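To keep things simple, chains are lettered A, B, C and D as they appear, and every chain counts its residues starting from 1.
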Amino acid sequence: MTTQAHELDVLDVSKAFVGTRALLPTSFAVKKGEFVTILGPSGCGKSTLLRIITGITEPSGGRILLRDRDITRLPPERRDIAIVFQSYALFPHMSVADNILFGLKMKRVPKEERRRRFDQVVAICGLESLVTRSPRQLSGGQQQRVALARALVVQPALLLLDEPLSNLDAKLRETLREELMALHKRTGSTTLYVTHDQSEAMSMSDRIIVMKDGQVVESGAPRSLYMRPRQRFTALFFGHTNIVPVDVDGDRARLPWGGAVALIEKASGRGEISLRPECLSLVADPAGPGVVDAAVFMGADVHYTVRIGDHLLRVRRGSAAPLAEGTRVSVTVDAPVSLLAAEPPGAADATVEAR
Amino acid sequence: MRAVHLLLLLLPGVGVLLATFGLPLFWAVLGAFGLGADGAGFTLIPLTDIFAEPKYRKGLMMSLYYAIAPTTLTLFVAIPLALMLQKSFIGRKLLNGLYKLPLAVPAIVAAFMVLTLFEQGGFIDRLLMLGGWNIGKIVRDPLGIGVILATLWKDVPFMTLIIAGAFGAIPSDTVHAARSLGATRLRAFWAVQLPLAMPGITAATLLCFVKSLGNFAAPSLLGPAYPLPLSILMYDSYRDGDWMAIYAMGTVLILAAFVVLAAYYTLTAAAFGTGKAASSR
Amino acid sequence: MKPVGSSRSRGLLLSLAALVCVLLMLGLPFGIIALWSVSDGWFPPSLLPDGFTARHWLMFLNDPSLRSAVVNSLVITFVVTLATMIIAMPTAWALARYTFPLKKVVEVFVLAPLIVPGIVVAVGLGRVFLKLDLAYTMLGVIIIQVAGVLPMTIRILASGFEAIPSDLIAAARTLGANRIAVVRHILVPLSVPAMLAAGLLSFIGSFEEFERTFIVGAPIVHTLTTRLYINLSGAGLVVPVASVVCLILLLPVFLVFMLTSRIMRDDVMAAGMGKL
Amino acid sequence: MSSKSLVASVAALALISTAALAADVASPAFGDKFNVTDTSVPLDKLTRANFYEVLVPLAKAKGSLTFYSYWPPAPLVVYQQQIIPSFEKKYGIKVNFNSVETNVGLPQLDATFKEGKPSPMDAYFSSDLPANLDEIANIRLVDLLPNAADIDPKYARTYRGIAHGGAYVPFHANQTVIAFNSAMVKEAPKTFDELLAYSEQNPGKVAVTSPLRGGSGSGFLTSLARQKMSAECVEKFMDLTSDEAQSKALVNDGPCFAPVWDYFKTLLQTAQITNGNTDTLNLMANGVATIGTAWEDLTFSYIKGKQLPETIRVTILEGGQTGGAEGAFIPANTDNLAAALLFMDEMLAPEHQAWKLVGFASRSPKTGLDDGMIPEDVRKFLLPTKLFAERQISSPNPIMSKVVRDAFAAKVLEN
């Protein structure tokens, strides 16, 4: 069965206009037990994609395979995919227990098995004291856990989570993020997670798929996407960065103010690289090319703005030995980077139209 | 596929209404122009008669009056009542259950109750007699006060229900916010609550108006002997088997209702157009 | 909801106002007709009847045609309410959940019967019913009453359906529920308030309907309303008899109203009507 | 009245009926042949003599019939408590009784007739006749029913100005009157002018039923017209053959009606106009009006039901007021002709006519029944027989009546 080891294959799935959103042909795969996040700003088509995978929305083209079985035309109830919505979508007329048991009843799981799995999932999600309550009587975090339990209890081949944390306050979000990860470890469920929050994506995922304007921009492990993005969009989407023009020669990129950075690939000509503020080192150097324009103390870090030639660089360093404003500095890069792909000409116009 | 689905879903309701409402309506309008089963060829006479003959012309005026006057008055009672129902006080629950009772009372019964109470020599008059007053003529009077009272009695709960729903749907925080920004109670009502409840209020007003346009029981029992509203004249024509007149009057009433409906849609589209677009999925 | 800066005295004032309103607007008229129905002569300036009698009541209770009218009314009202619900549901669903060209036109058409006087429709339909052998039959009365209560029922059900989040249906589907199971386990239970509201309104609408029923059904098929209308119309208005008639007519309606008001959600009813 | 004299009267009536049994075969009232759809009854061979012999088996075969009556209280009770039980017992034929206002029943009948369907009723006691009477009823029932032999000739072939040739069988004679509260009106007005004078002295105390809304009002208007117009005008007014054009010419264009409108306009400056016969009576019950236009029988049933004080009396103004005898007819499209004929005959049975006279002061259209039979305690609420006999006048034809009503709206109410 699992010769390919892909649990889910999305092959050229597209959707013509749904309201105002379109999905361009999109392909990706999710491996068994993997936690994959689809990340993108709102309106990028990630929810449409999710709905197509669940079968709630029909794709205009492409195929979806689940464990090598073509499910593109199957109704949602026969797909073996469970979803947790941003709104949780708990059935307001059923108790917590009935909500959780709903899927088992629908799938005609035998009574004893039902009981066993129910007890298990309730224990995992810590819902023992809430099972008799009505969803209305629950807090946001509790509702989220019930929704999760309801999805997990059917032991789906694939678990989809559609921005499940976005309706919660910051503190709770952090707690639940950890809980979710722990849960994922325990259940080992193959999970596709949708969010617009890059820190969520980075902290939880094995792999991130970045989407923009109805298409996949790039995908990869959180760390490599963060440190060595290949797309300008990705670089900018994951927090602050410095986009710097460079001259490339083999696996070295020459910086405009002198010095060079190691590239992980070979190329030649002009290009751009993304330099994360924390990947830059500052050394007080009276002969250095830069000047500290501003230094803002943030507790653990100090955020510097360094003027270097025509460029303003953001740099983040530990606060142990701060540099004063006006200090002349030299800047070095700690780790190898990758070259950003050139934006295809006219791409911006096309995306505007697609939206 | 989806279109077939949609048609199948629409068919029962729309189909039944087409057969039981659309068709008779079509015949009525056709009949008003002298066409159709009873017609003797195209003519405008029955329709023009309605505007030419004083009996019909005044009847139309009377129909409009019996629709506009109570609806306007109902607004002034229903809005405060709806506001009152938003407050908490002892007996609110009871009031909330009871005020809707007239919704279930047939119009003719309401008219009858007004008659027993407000007729000269009726119960209220007898009470007033103790103090040496008399009630004066408010049944069969030229202003149709009795008719308006009976209509009011039926319409107030109807309108209050809708308007209270509209007020209830406004998050209480919006009002609190307005108050905290320095608005007086009255000002908060004018500037925040009323505009937000306006779609409900206009819909309720429109429904009351069109319901009253065909009002039969109250004018028949409580109205002045002349002029009679079109609804009663239609019944009389039905008795005389004068189909043309029925269809002509029916067409004029339908026309009046549709004019008001069209005006409503035009006005609401202008006033709430943006709000509606935002709230639609 | 607590009023801003509520004070005890204002609350009491409101309670008092409510009490007076209820007494004057409801207690007084119903009280007076109740007295009239047992009065044996009640001439001015008496504030209470000059004598009491049960004969107006007995006359009606002993009237077999009244009993058959009661049965007819109950049967017709029940069938009409049920049939209307079944007919209205798919259409309401389509209006609530689908966007399609000319949707506004369909919506206005569905509401249109509310604004056209019943007699216009009744006269036109009555003549067709004669051709179809539906005149003076229960079926004919049921059909014409369904036509009358359908618009409001569709309107209220549609606004009830609109209020059901589509995520709930999607969630149920992904959990293994097919279309039928979704209807059974999700849609129907969640539409109960709307269905109750619509059902109550069509019950009342059917029960008190006069013009259409009278023209199509009377006098072979009499309902309570048509049967008793004769005693209330200008020609035959005898006050004590009319009072008995009113009370008999009001009893079942009030009963249903009281029973349902405990579970009835005002906002659902208001939402259905407050949107055109 | 003693029960003995009642029995004697009934016996005398029965005798008259029997004597009349030898009458001739009834012919169609309009046209030269019967137009009934139910051809099981050999109408051309039916006579008073073989009436029961022919019809009873035919009627029994059907087993039931539907009878309509419009609303007035007295006849209703008589049908329900007396005639129908007696008929059902006698023939074993069930009667489906329905109380249906004329303005509802006649359009129903008309519609079925035009569609070629059986009529909703097999016989109809109605306050008006169908407009297409000549098509819808053409059996000369008055000449056919054994119990109709002694119908008063003045009711037998015309009703409210309509010549019906005996197709409409009078059952219940009624009369428009002036009702007054004797406790408040010292001397009842005897003429139209005295009534006007009373109203001017007592504003608001006279209630006039709107001629557009009730028969006592249009009866009053017609009576007034016959009183106030010149003899020449009255003659044209009472011409039963007038068509709409002639009627409009007389009422709207000529000078004939000027005094009538003048009188009414002056009257309405002080009198109240009401929405119906019962509306007027309710006003009198409330003590607001002391004089009102009314029907004799309705007023009596109100008094009897304690809806009017016992001080109410009725009278007819000089010059007479309109009256007639309401009755029933058999629609041509009945599918139950035999039973309908039997029932119509039963309605006129002497014992029923006597019962309703005694119990309800419902006057009989048959000769030989008079108020000598009415108990003393009932008689004071009714018109004296002499007044009734002398002052009952008839109505113009319905086309004329409608034109007058419309003109009344335009000339009097409009101003």
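General observations
Keep in mind that, in the parts below, a residue touches a chain if its C-beta (ideal position, glycine included) is under 8 Å from a C-beta of that chain, and two chains touch if they have at least 3 such contacts.
Every value quoted in this text rests on a predicted model; they were computed, and no experiment measured them.
If chain C is disregarded, contact among the remaining chains splits them into the following groups: A | B, D. With centres defined by CA atoms alone, the chain at the far end from chain C is A. Chain C has the C-alpha centroid lying closest to the overall centroid of all protein C-alpha atoms shown.
If you average the Cα atoms of chain A and of chain C, the two centres end up 55 Å apart. Look at where the CA atoms of chain A average out and do the same for chain D: the two points lie 92 Å apart.
Here the CA centre of chain B is 40 Å from the CA centre of chain D. The residues of chain D that reach two or more other chains are 104, 213, 275, 279, 282, 285-287, listed in rising order. Multi-chain contact residues, meaning those touching two or more other chains, do not occur anywhere in chain A. Contact with two or more other chains is made by residues 121, 125, 220-221, 235, 238 of chain B. All chain pairs that count as touching, in label order, are A-C, B-C, B-D, C-D. Partner chain C is touched in their complex by these residues of chain B: 3, 6, 8-14, 16-17, 20-25, 27-28, 37, 84, 86-92, 94-109, 112-114, 116-117, 121, 123, 125-127, 129-130, 153, 158, 161-166, 168-169, 172, 175-176, 179, 185, 199-200, 203-204, 206-207, 210-211, 213-214, 216, 220-221, 231, 234-235, 238, 243, 246-247, 250, 253-254, 257-258, 261, 264. On the side of chain C, the complex with chain D involves touching residues 39-41, 43-45, 50-51, 65, 126-127, 130-131, 133, 135-136, 214-215, 218-220, 222, 230, 233-240. Remark: chain C residues 1-4, 6, 10-12, 14-15, 17-19, 21-22, 25-26, 28-30, 32-33, 36, 44-47, 86-88, 90-95, 98, 100, 106, 108-110, 112-125, 127-128, 143-144, 146-147, 150-151, 154, 204, 208, 210-211, 225, 229, 232-234, 237, 239, 242-243, 246, 249-250, 253-254, 256-258, 261, 266-267, 269-271, 273-276 touch chain B in the complex.
Those residues of chain C whose C-beta lies close enough to touch chain A in the complex are 165, 167-168, 170-179, 181, 185-186, 189-190, 192.
The touching residues of chain B, counted against chain D in their complex, run 54-55, 115, 119-122, 125, 137, 140, 220-228, 235-236, 238-241.
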